[in-house]
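Read through the structure below, which is laid out as structure tokens, and then see the notes.
The first chain written gets the first letter, and so on, giving A, B, C and D; residue counts start at 1 in each chain.
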Amino acid sequence: MPDTESGLASTDGVFTKCESCGDPIYEKDLASRFNVCPHCEFHYPLSAPDRIRLLADTGSFEGRDEGMLAGDPMGFEGYGEKLAAARKKTGLDDAVLSGTARIGGHGVALAAMDFRFIGGSMGSVVGEKISRAMEFAYDEGLPLVIVSSSGGARMFEGVYSLMQMAKTSVALSRYMTGSMPYVSILADPTFGGVTASFATAADVVIAEPKARIGFAGARVIESTTKERLPEGFQTAEFQKDHGLVDRIVHRLALKNDLERFLGLLA
Amino acid sequence: MPDTESGLASTDGVFTKCESCGDPIYEKDLASRFNVCPHCEFHYPLSAPDRIRLLADTGSFEGRDEGMLAGDPMGFEGYGEKLAAARKKTGLDDAVLSGTARIGGHGVALAAMDFRFIGGSMGSVVGEKISRAMEFAYDEGLPLVIVSSSGGARMFEGVYSLMQMAKTSVALSRYMTGSMPYVSILADPTFGGVTASFATAADVVIAEPKARIGFAGARVIESTTKERLPEGFQTAEFQKDHGLVDRIVHRLALKNDLERFLGLLA
Amino acid sequence: MILDFEKPIKDFEARILELHRLAGSNEGLQEEISRLEAALESAKKRIYSHLTPYQRVQVARHPERPGFREYRDALADDFYELSGDRLGADDPAVRGGLARIGGHPVVLLGHDKGTDVKARVASNFGMAHPEGYRKAGRLYALAERFGVPVVALVDTPGAAPARGAEERGQAWAISADLMALARVPVPVVAVVVGEGGSGGALAMCLADHVSMLENSYLSVIAPEACASIIFRDPSRAAEAAEAMKITARDLLAHGIVDDVLPEPLGGAHNEPEAATTVVARAVEGSLSRLTKMEPKALVKARYERYRRMGAHLEAGEIGAENGAAGGISMEHPEGNAPVR
Amino acid sequence: MILDFEKPIKDFEARILELHRLAGSNEGLQEEISRLEAALESAKKRIYSHLTPYQRVQVARHPERPGFREYRDALADDFYELSGDRLGADDPAVRGGLARIGGHPVVLLGHDKGTDVKARVASNFGMAHPEGYRKAGRLYALAERFGVPVVALVDTPGAAPARGAEERGQAWAISADLMALARVPVPVVAVVVGEGGSGGALAMCLADHVSMLENSYLSVIAPEACASIIFRDPSRAAEAAEAMKITARDLLAHGIVDDVLPEPLGGAHNEPEAATTVVARAVEGSLSRLTKMEPKALVKARYERYRRMGAHLEAGEIGAENGAAGGISMEHPEGNAPVR
């Protein structure tokens, strides 16, 4: 299992070794395939900007609420440094990008999380930007597409992190009183407060192949219950078998899949 | 297990033998306890008139849609004779009595099925009277209380029997757009089309102790799947453990239980 | 699989095939082939226009009869499948998703009996578990959210007589579907394409328009079960099928369904494209008509449709007790008036 | 069970009891008793008014702390319990039903940790399974149907880290509860009476008014888990509890909850009636105020309440990147303004 926090395989050289199948990959191939291994089709984490490049019609994305930054409401030791490092590493303000875009010509509100930014954890900025995207989509009558990838709560923000579940839920609840669809896409990994709020309360839940999805992580469960978990526990395929996910869609087919869905309701 | 089709233990003599615990019972005691064995508390079937006597404030029941009779839409061999015999045995027109009543002073629409009448099967008369009770309750803003006891469909009426599930469902669906409560009481046995339509789509589902409740009967399941069913399968207690029944209430406490519930919402 | 009454037809077909094989070099055989082909046609007509109700049940159950996949492909320009009950399971006996039919976006669902042995076992031979009914319920809710019609293809022997299905409340799940269909403010179109077994079928065909393929059936109980209960002899299933009036034409005559869709001679399994085409046309026709109605009017009409189905006699109505008790067939208002 | 910091108090109490036993014949001992009783009171005050956050967590988890049953009895004139998720299970970790509180008919629910070992195991120590969240969802729907307020008593370590809970979609179930609470058009009153563990707690306290007992806590993650993730050392739980600001007073200061209900000296488990009484009064007060509001206004106010909870900085706001990145505590509109 690759180190998903790394976000991208190394781009130092020409080749990198697939952490899943062990085969060497041309890094250019990996990038052109949006971080899907050309040999074993393993889906590596995809940054939020790349995710938008994957899904939005070329040049159609217009970011919203840019420049919004995390506060440090608890004065939590080390949070400031953590934020600064994450900003530097990713070039992002926080763990989500949001805005409007066209997908196959269909106007949508689009948000994508970035696991590289403190594990895609949901702090106040994620909650606020997601909620604003929902409000904007509701006001404008746009379909809503959110790509989640999150380790869960941003503990550094304490209860504010928890309250982002409530915030996004009230915003989504209002959005759902309209008749426009909400598609939630779950990328590896999606856990905790994100799964237990906006990421699962969707009309359609799509997951990437083998993405790990759940509330509590497998390691926590194993260490708490001493139970051996079955092969493939919490993978997208497992969750689809358990009726929790609608579709498993290969990353390179995802844009087309959304176009089909949006086209059906257009 | 007593022959539940018999409805009442024999009333020929002074004593009868409890089919559940084997103890002798004064028949007067059985009658005064609404067919609950004074030794083992086994609940024998209760006729619809006795059920109304049990639940309604004395003298408060006013029957509606009386005199409605089953047709024989399929010209099904032997149905006419079956109806005639059931009418003679029970003194009822069909397997349900319906009307208005007071329960602890609270006005309600009340219907009670009678298992003695062709196994409490749901034909057109049951469907129509139940639906009218729902419509009347909706129009008058009355709580609705229905006591079910049914082997399922009335096969003699063919697809008309099936369509009573649809009929009662549309009527109930409209009733549920109001804000008055619907309490469904399940007596032994309740199966088939009654369970799969109005008897379970209630705000509160109450069952009598040990009442057998389900869709397919245990015998059918055992003969189809060759599986041994667990002890207590499909009893009220089993179904409550499975989250399908709200409360198990002793017959002699049932009126009081309804009064409490109605009082809470009054 | 060859049904008993199909044997003469299959024999003709085998002989024609054999002659074709030999015919290459023999002019005289062509005449014999023509003669046999005419005989085949007339045998087909004779046999298939006089099927007994129970023979139709057998046709409806034919393993090669077209199923959900064939109809889906014929009906829908695109089918975007959705899975799961969002509660812990996905029942392959019920399939559904968004689709476009004749230009209309719809929620399309149906029973899927599966095409090979493995799939048939997985889908429990089309007998949904509670999870299947709850998946259907989710799809009804989606149809309401998006304001698109529901199109349901019914093909189930009925609910599953199984321990797990009871433990997880199949009666509750069916009931919830009926309540949902009763109020969903979008057109609901159902076609019984094969078996229409009791509550399991009804959970997909409480609808604004119900069509039935000629050899499908819709029944409150399987004929075999009816025979074993009422006649105490399961081998008298044919009689029970006859007595319960479960064929498409009987149900049309009783005003329970709205039209009967003709099957190709020999049944849908002999010419699947003909069957899927007639179903597609019927669904498109129903959609065109119903999508013109206001949601409130639809729900009201649906209410009245089911509200009046029944065969009771009001107090004092024709001969009352004696008439009914004597088994005399009585009038019921909608008995002979198909809606279209 | 005696917590570490309770030991001095328990020692005083033991000595006083012993002296009382001897005092019968000995006048002089009375004086000593009075002296010790005064010392006990002052020890209690000293200890309980200076509990650290993590000590409060321990009080909140105290096995003798009053639970759902005690509050139910104190709050409700009548409690008509309802069971089950209608899907296949009844989770004893969540209890609920109809009740009357201060003259108001309500739906009352809460986590029930159980009172004896057997019940504690059955209720999974108050960690609901998906079935519990779905039971709660059913109760929210009933409250809407009857137009009565929801009163929720929160006392859970959090969601269950368990295989089955994941397989049956606990995240989906929690999410559905949050969505339901967000829109239910009746007053929602929540009291955190013990543990308020993460999403499992939030599924019962997305509310119009949230009270917390003085020694309860509400946290996005258990302090032990936070310490083991952030400090890579679970024994630093006390630090984590401190850093995350999870006590009732901290949360009041941050405007996350609406009031702090004082506990008797020594904590609720030392004087259960005092705790249940203060909770009952608070709930009655909230109900009296909220039942006067129109449903639409309630839902709108609830929307705004949660919509503004957060600590983000708008682009360009105070010092922006440097300020925030440097760990300087920033202003956030609701940060220091408790709603009442």
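To be clear about the criterion, a contact is a pair of C-beta atoms (placed from the backbone, for glycine too) under 8 Å apart; a residue touches a chain by one contact, two chains touch by 3 or more.
The model shown is predicted, which means the values in this text are computed figures rather than measured ones.
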item	value
Furthest chain, CA centroid comparison against chain C	D
B-D compared against A-D, more contacting pairs	A-D
Interchain centroid distance [CA atoms averaged], chain B/chain D, Å	43
Geometric centre distance via CA averages, chain C-chain B, whole Å	31
Distance between the centres, which are taken as Cα means, of chain B and chain A, whole angstrom	52
Residues of chain C engaged with two or more neighbouring chains	86-88, 167-169, 172
Multi-chain contact sites of chain A, meaning residues that touch two or more partners	176, 242-244
Touch-based graph of the chains, sorted into line, ring, star, complete or other	other
Interchain contacts, given as pairs of chains that touch	A-C, A-D, B-C, B-D, C-D
Complex contacts: residues of chain C adjacent to chain D	86-88, 130, 134, 167-169, 172
Parts of chain B lying in touch with chain C, wherever the complex brings them together	65-81, 83-84, 87, 123-125, 127-128, 131, 153, 155-167, 169-174, 176-177, 192-193, 195-201, 214-216, 220-221, 224-225, 227, 229-230, 233-234, 239, 242-244
Residue ranges of chain B touching chain D (in the complex, touch as defined)	176, 179, 181, 203-204, 240-247, 260-261, 263-265
Chain D to chain B touching residues, read off their complex	78, 80-91, 98-100, 105, 131, 135, 142, 145-148
Residues of chain C defined as touching chain B within the complex	159-163, 165-172, 174-176, 178-179, 181-183, 198-199, 202, 206, 218-221, 225-226, 229-230, 243-246, 251, 254, 256, 302-303, 306-307, 309-317, 320-321, 324-330, 332, 335
